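Here chain A shows up in two complexes: once beside chain B, once beside chain C.
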Partner chain A sequence: MLAEIINPYYLQVLSFILINIILGVSIYITLSTGQLSLGHAGFMSIGAYTSAILTLNYDFPLVVGVILGALLAGIVGILIGIPTLRLQGVYLAIATLGFGEVVRVLFINWESLTQGAIGISSIPHFGRELVTGLRDTGFTADMIGIRNNQLISLLVFIILLVITVLLITFFVRQNHSRVGRAFAAIKMDENAAEAMGINITYYKVLAFAQGAMVAGFAGALYAHVTAYISPSDFAYHRAVEILIFAVFGGSEVIWGPIFGATFLTAMPELLREVSEYRYMIYGIILVAMMAFRPQGLIDHEMIYKIKSRKKKKKKVEDDKKERNRHGVGS
Partner chain B sequence: MALEVKNITKRFGGIHALTDVTFRVEEGEVFGLIGPNGAGKTTMFNIITSMFPPTDGEVVFSNKRLTGKKPYEITKEGVCRTFQNIRLFPDMTVLENVTVGEHCRTKSGVFASVFRLKSQKVEEEKIKTKARELLQLVGLGKYEDTFADNLAYGQQRRLEIARALASDPALLLLDEPAAGMNEKETNDLFDLIQKIKKLGITILLIEHDMPLVMRICDRIAVLNFGEKIAQGTPDEIKNDPHVIEAYLGQEEEDELA
Partner chain C sequence: MILEQLINGLTLGSIYAIVALGYTLVFGVLGIINMAHGEIFMFGAFMGVVITHTLQLPLALAFVVAIAVTALLGLFLELLALRPLRGKKGVSHLAPLISTIGVSIFLENLAHHFFGAGNRPFNTSFSEISVQIGSVTIYAVQLVIFAIAVLLMVGLSFWLSKTKAGKALRACAENLEAASLLGVNTKKMIMMTVVIASAMGGIAGILVGMAFNSVTPQMGLTMGLKGLAIIILGGMGSVRGAMAGGLILGLSETMIVVFGESGYRDAIAFIAIIVILLVRPQGLFGQAAPEARR
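Let's look at the complex of A and B:
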């Protein structure tokens, strides 16, 4: 029965949605201090290449490779974040876009390590590694009545889902804390935030590095899900794509880019005919959003309304319960 | 705990915003800083809080040099301010605005927040309790869930005061807190400043509302074109010929016109 439900192709689409959600979260974190970075394709590629090379050439365990890839991206994030601290808005966007291009050209030309424009293939695959590991413990696909490739895509999906949920939880909690309030204050008025006792240098670099690290993490996951990466995967169009997640979904609340990533990744898959025009549609979305809803589809107000409606509903229910209780009593 | 402003000079290109200004605010007093428009009052606040450096001179607070420190370090030293052109965090609720003010007196970081350590939960509760108390103090207790942007003008000014008080200042700098307030609001503000003074907080006040200034200040310094032209008690200032000429006289002219 399970064998009929599980469609490896759809699972793969879902897996890419999850990776894109993580990328959406990465740009959201940086934006939540008001810093617009177009360098996330660059950070993503650092994570991807680091993990690919470590696991393939130096036999690092996959998990270690992914973690080191994310960490290296985070460290580079600190190194880029500090000198660009003084840059605002579009100047920061240009500088970080430049950074992304530098990284890409570096990977093209460092052929001895990266195989240049050809890219790296046969990177250890998440699912396959896991299935091999499971086989050693005596578990195989046919034990639950599915084919091997079905098990592989199912495992990849489940693991990515768990990782994504954990990551979102992490940042939702961070948002509802002293750190999140500092981020928000800096985004709304940097000078006022500093005058109220917030070390803006620290929090801006922290947000930049966190964003870079999460992008690197997504990159590393991407490398082990596709098993093949090349510099063109991380070119300018990728940087713009990540940005569009936030522009379309909104960058005021974390659910914005999450929705943006989900919708924009699913759309071309669901509507095969439009996938050809993907980048044209992105362009139209950019222009339309800027003109009609610059804050993105999901904003503070929307979340606030949903929350207060929930509260109201709960109150109505409580009142009802209360009345019932009284009814029983009398 | 006194504030010492020593020979402060500030030039913006050709503009002499402040020239060799010196004064001293004693612990526990309400000290007024007045002067006509463009006299350099806000510039003085910006220098005390290091929004920008002075061209010359230095600021010392309870024997520690403030000049050269970062703005957030100055808040930590116990000097916090409000802004003449209100600068609240507009998309935050009233309560959140005040909790931001408590930032430098609290310490939960990323780890404690994400893993919801006990210390963090306790701290969050304390932050909220204190913020609510401060909102009560400034008379905004009912509005904690309102977005700061949606408050009336006079309420926004009081919220700025609550936010600044949240950082536990020993010295509070108020930049025209009565601007845009009606008579009742101004009277409430008078009471509020009295209450803050009773808490043992020293106040440096910029204000154009002369009756309020004369009523509430222990001492006053007067700036005109970036220079200090007088200093003394309200009565001395009222009767100082330089001040009458430069400031009060100008007002009379306005009234006559």
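Let's look at the complex of A and C:
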């Protein structure tokens, strides 16, 4: 029965949606202190290349490779973040854009390590590694009545889902903590935040490094899900794509980029004719969003409305129950 | 050999300088970075290909068509992507940047669609003409490019400093509201700025097509980013800075190719961006602190 439901293709699309959600979250964190980074494709490529090279050339375990990839991206984020945070708005965006391009040129030219523009292929695949591991313990796909490739995509999807949910939970909780409130204060007004005793530099670097680390993490996952990476995967287009998740979905609340990533990744899959014009549509979306709804589709107000409606509904139901009880009682 | 490379560097630098002028004009008046400028430049180059190669018409016509098309693109850019954001409450300073990024990605993929992803030749018999002076070969194209660059630079400086329209433009750059109170039609001036900047991008596009004989949809991005590097290097909004920055970048890129590290050629511009922003954020020729702008 399970064998008929599981479609590896759909699962793969869902897996890409999850990776894009992680990327959307990464740009959201940086944006939550009011900094626009166009270097997230660069951080993503650092994570992807680090993990791919470590696991492929030096036989590191997959998990260690992914973690080290994310950490290295985070460290580079700190190194880039500390000096560039002196820059404001537009200048920061350009400096990070320059950073992304430098990383890409470096990966193209460092052929002994990265195989240049050809890219790295046959990177250890998440699902396949896991299935081999499971086979050693005696568990095979036949035991639950599905084919091997179905099990692979299913496992990849489940792992990514767990990771994504954990990440989102972490950042939702962080938003309600001291750190999250400091981020929000800095975004609103830096000078006022400083006057209130918030260490601006610390929190800005923290947000930037967190964003870089999450982007690197997503990159490492991407490398092990597609099993092939090349510098062109992390070009300017990717940076814009990551940005558009937040611009379209909304950068005020974490649900914005999550929605943006989901919708924009699913759209070309659902509408085949559209996928050819994908980047043109992205361009139109960027212009239109800025003109009509610069805060993105989902903003604070919308979340507030949904929440209050839920409360109202609950209240109405409670009232009904109450009345019924009274009715029965009398 | 080294002299020839120097000439190549000057040619490249002149083209960079023209591209950078487009950025500088828009930034000087509007205080925004027009990320779509590189793509408008690329459309100018493709107009050259269409006219000279596909339709086999003379080069002069290519200039006219390229200027017309890019000016039109500039007009659309202003009307659709920039004007709706102006003076709106609650729009962050990043909005125009994001909006022009949208235009850039749209135009690039439009070109992909129309002209294909491949390399397009730009054949004019003109690019074969050369003069031999001693051991050095100078192509006529290089002279033309250099002449046009200098002409544009001088013309622009003259226009900005001496004519009435130029004065109005500088008034707008100083303070948009005050200029409008003093009777400057700011809407018209802004539109004119964007259109002129775009048309200069178109001219640069044709020159690049003539000099390198290849045009691709991706060239807008590379050239655009280099233009950005130059205005940061030379100082935002400074005409002289754009010229100097362009020449510096062109020469240093040619030199790095001479020394055999051609793979890292494209990285120079971006490393320059990062270093300059950290060491001297106002650029070589800039004066005011960048944050002081709206």
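What we mean here is this: the second predicted complex is superposed on the first by the 316 of 330 C-alpha atoms of A that agree within 3 Å, B and C clash if a C-alpha of one lies under 4 Å from a C-alpha of the other, contacts with A are read in each partner's own complex, and residues count from 1 in each chain.
Heads up, the rule we're going with is that a contact is a pair of C-beta atoms (placed from the backbone, for glycine too) under 8 Å apart; a residue touches a chain by one contact, two chains touch by 3 or more.
Keep in mind it's a predicted model, so treat the numbers as computed, not measured.
In the superposed model, C is the one of chain B and chain C that contacts more residues of chain A.
Look at A:Leu106: by the touch rule set out above, it reaches chain C but stays clear of chain B.
Judged by the touch definition given at the top, the superposed model places A:Ile198 against chain B, while chain C stays out of reach. In the overlay built on the shared chain, the residue A:Pro294 is in contact with chain C alone; chain B does not reach it.
Contact with chain C, but none with chain B, is seen for A:Leu36 once the two complexes are overlaid on the shared chain. Shared-chain residue A:Gly138: touches no atom of chain B or chain C. The touching residues of chain A, when paired with chain C in their complex, are 34, 36, 83-84, 86-91, 93-95, 97-99, 101-102, 105-106, 108-109, 236-237, 240, 243, 247, 277, 279-280, 282-287, 289-291, 294. Put simply, chain B touches chain A in their complex at residues 49, 51, 70-72, 75-76, 80-81, 83, 87-92, 96, 99-101, 103-110, 112-114, 116, 120, 123-124, 127, 163-164, 167.
Residues of chain A that touch chain B in their complex: 170, 173-174, 176-182, 184-185, 188-189, 191-200, 206, 252, 300. Those residues of chain C whose C-beta lies close enough to touch chain A in the complex are 32-33, 80-81, 84-85, 90-99, 101-110, 113, 221, 225, 228-229, 232, 263-264, 266-267, 269-271, 273-274, 277-278, 281, 290-291.
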